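Take this structure first; my questions come after.
Chain nomenclature is as follows: A, B, C and D, assigned in order of appearance, with residue numbering initiated at 1 for each chain independently.
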Amino acid sequence: MRHLMIQLGGATGTLASLGGRGLAVALALSEELDLGLPASPWHTHRDRLATLVCSCGVLVGSLGKMARDISLLMQMEVGEASEPSAPGRCGSSTMPHKRNPSGCVVALAAANRAPGLVASFLSGMVQEHERATGSWQAEWPTVAALVQATGAATASMAEVAQGLSVDDARMRANIDSTQGVVFAERAMMLLGEKLGRDVAHTVLEEATRRCVAQRRHLHEVLSEMPEVRHLDRETLKRIEVPEEYLGSADEFRKHLLSAPGDGVEKE
Amino acid sequence: MRHLMIQLGGATGTLASLGGRGLAVALALSEELDLGLPASPWHTHRDRLATLVCSCGVLVGSLGKMARDISLLMQMEVGEASEPSAPGRCGSSTMPHKRNPSGCVVALAAANRAPGLVASFLSGMVQEHERATGSWQAEWPTVAALVQATGAATASMAEVAQGLSVDDARMRANIDSTQGVVFAERAMMLLGEKLGRDVAHTVLEEATRRCVAQRRHLHEVLSEMPEVRHLDRETLKRIEVPEEYLGSADEFRKHLLSAPGDGVEKE
Amino acid sequence: MRHLMIQLGGATGTLASLGGRGLAVALALSEELDLGLPASPWHTHRDRLATLVCSCGVLVGSLGKMARDISLLMQMEVGEASEPSAPGRCGSSTMPHKRNPSGCVVALAAANRAPGLVASFLSGMVQEHERATGSWQAEWPTVAALVQATGAATASMAEVAQGLSVDDARMRANIDSTQGVVFAERAMMLLGEKLGRDVAHTVLEEATRRCVAQRRHLHEVLSEMPEVRHLDRETLKRIEVPEEYLGSADEFRKHLLSAPGDGVEKE
Amino acid sequence: MRHLMIQLGGATGTLASLGGRGLAVALALSEELDLGLPASPWHTHRDRLATLVCSCGVLVGSLGKMARDISLLMQMEVGEASEPSAPGRCGSSTMPHKRNPSGCVVALAAANRAPGLVASFLSGMVQEHERATGSWQAEWPTVAALVQATGAATASMAEVAQGLSVDDARMRANIDSTQGVVFAERAMMLLGEKLGRDVAHTVLEEATRRCVAQRRHLHEVLSEMPEVRHLDRETLKRIEVPEEYLGSADEFRKHLLSAPGDGVEKE
């Protein structure tokens, strides 16, 4: 933890009041507290602490992204995922049927607060000589609020992630309810091999417009269009099979589980 | 540079339109561009970019601290340091005598702008599924403004640092003009050995009050106080010699020049 | 427009270089430019301009709220509203079926940027004497970016609002698809008259659980519960008629259209 | 106080659970609490509250500007003003001679925190439908911190302003110590009447350079320069009399005291 270091500098950062023993005292203190020994006092040089503060901001941002996605999936009209329920939580006092994304709310509230707190800290780096007038004092509530928000968001999303329930039947139903138009890209790639991409895009625009207007499935509409006559009905029908259009999703999932932050080693 | 990686994911981050060749294409692209290959597409996962953005914020904050100090030293009433002058810069159109801290102004302006830009970026991390509505688009001007401000501040303070002139005679004169009261801590430590720190603090409060009221030097005032009679006049006079109260300043300076950011290795 | 005033102060805000004609020149300038005449120069007193800047921030926040709601209503699984379409806009290059909330994206991007820009401006109010070192210079790109974002968001949402299409059939279908559980509050109020609110809340929790599990409508499930036997089937069925549970919505709408910001006059 | 209004809307902002009595209940509540009655519920429309929050931000910014100026004037090398001292405050534990700007520090700390808190609030205006996920909850600590900081800054600067001591002898001494070069503008205006402004600017640049190099006063240096021979020594000497170069300062002061925020009425 190279960011956790003692700060011992005396009134002006020289440790002059300790005579010739300044460095020895600093070393002893750092060992006593099991903290690093910095190259010099940093009472008004806050870059190291700023880096820690920013890390909280980035972590909370990532947790907020998770929370935003889950809360969108929990919308009544979507219903594809749900936070763990427990007696006494998530309920609504006036609406007995509701399950609120209350774990996500904790992370989203933190993600609302963190950027402003990080900004306050960064603004406060511009301190005067060896004694800040105000910026240093402002750090105390700012860092306390940020650490608290970061901890709350982390704990809350850990609980949400561990107990998340996923409704795969609803996912399938939501895909089906689109009548195949979400597979327009796939159809376009397939048609494009013969027609060229521009023509294929135009065909699909027309086809998806008919799907929506006539409440029919994409493969049906396509099967009636002369530009698509070279494809048989079975091929068209398979366009709408989600399992056949997952691309590299599973490989990405494996990479993320084995080395989430570091990228993939190239041989 | 583990933060600089390609982003290639297709419409929903699966590379499905590339069939089974998604990873091979991604690898080839990363080699073509000499960028890292991430574990997965990150179109709406901005933590890596956020870390870069925060690094700019921290760097600009440190440069702003330098600039604040130098601009304070350049005040007419202080006059201990000065930015490099050059024909056509630093001058004032209405005040021919002024040398403005115009290099520091560039860094201080950047330090004013950077925290808000970092906050905007962090706020924008909370993006929807695989497609941000607004936050992604907002990154473009935000990151451009931040990188521009960071570059301008860095270049400006490099120039200021290289050409900084320091007026050591004025530094000495400013110390002298305090009539020795800035050495009150030193006197207190010396007296404290015999009188104890609390009594010594009270003596020095009274002594410094007299210095200010009577416009006399600390060693003179002290020499007349009965509590200090055990110290001879020569010892008292040396209290006001700055060179004898530098503490560990020079060792800190050496540490900073040899390993500024990493702390000191303990054996 | 009391916030738009001339700033004329000379080097230190005294207009001393104009001799005794300072105020007369200032008055003439304010008339020439058709701007207000302030009580004194305000070169480093930015409260008036800060109020304008904050007004932009609040306006963009309100526009962002509109845009967030509309973009949520435009989700494929919701589909209750849609931005105006036009040739060449809103389309997706890879997904021919999509209509993107591209007008809302402009406002949401502005709502992401504005808070950080307002924060930069407010931070910069702490200026030195009659000459800011950096904060004043930082205002130029900050105010320019904020005004630009405010204008873009306003224009974009005006266009979205004027051309918004609302799918009332889909709204009705989305309500129906909840099988009446969104009327649980109404049922609870009705049952509560006889059973008391606590018992009614418990009954509705159980009833809505059965609705979801058995995919049946609330009025059907309720009609089979012994606690509800005092209500006839027709009464229960009407619980699910949305038109009968609009409360004061229409009166609020009228108030908003006649005096949106000012509240209602009490006699 | 048109910004202080009740919020009563029920679960979705329609007051449907109150049947036809919604508006009557809202009116009675607003009278009971002596608050305004808004045109409609505003649970997720935060513009009115945002305006209050921004007003805090602007006020704190103005207080911070005052505090910055006073703390700069309190520097030991400047010494032109001083916060009120009182037993137990302002002292330094290690430096008995110091009087710290501890009242200004409160305002400057608030001015560091406020912009980030305002930004958090504005970011949180983009709320979902009739129920914010996170942004609403984030408002509670944000508004509490901002109101607290605003109150602390206001109280602290009221105390500083009421007890501020001004050292006019030191002000005069600081002016004198510039050897007249701060009057270069005045000299330039005077010379410019005969020589033209460009020539006068060049003459003054040279003259002020000599003042600094030779530690002599501006009027002495000028009296030896051939370009200035048309001005007699008495006229030159009066250039350095501050009382004769105050411009409209006193009129501005009177305007500020009589109508600080509103500008001057033009007849």
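Annotations for the structure displayed:
Definition applied: a contact is a pair of C-beta atoms (placed from the backbone, for glycine too) under 8 Å apart; a residue touches a chain by one contact, two chains touch by 3 or more.
As the structure is a computational prediction, the values presented were derived from the model and not from experiment.
Looking at subunit B and subunit C, the chains in contact with each of them are A, D.
Among the remaining chains, A is positioned farthest from subunit D, on the basis of C-alpha centroids. Inter-chain spacing, taken between the CA centroids of subunit A and subunit B, is 31 Å.
Look at where the CA atoms of subunit A average out and do the same for subunit C: the two points lie 24 Å apart.
Of all residues in subunit B, those touching 2 or more other chains are 10-11, 17, 64, 67-68, 72, 94-95, 108, 111-112, 115-116, 118-120, 123, 185, listed in ascending order. On the subunit A side of its complex with subunit D, the touching residues are 10-11, 17, 64, 67-68, 71, 92, 94-95, 101, 104-113, 115-120, 123-124, 133-135, 137-138, 141-142, 145. Residues 2, 5, 10-11, 13-19, 22-23, 27, 30-31, 36-41, 44-48, 50-51, 54-55, 57-62, 64-65, 67-69, 72, 108, 111-112, 114-116, 118-123, 125-129, 185-186, 189, 245-249, 251-253, 255-256, 258-264, 266 of subunit A are the ones touching subunit B in the complex. Of all residues in subunit D, only 72, 75-78, 91, 94-97, 115-116, 119, 123, 174, 177-178, 181-182, 184-185, 188, 201, 204-205, 207-208, 211-212 touch subunit B in the complex they form.
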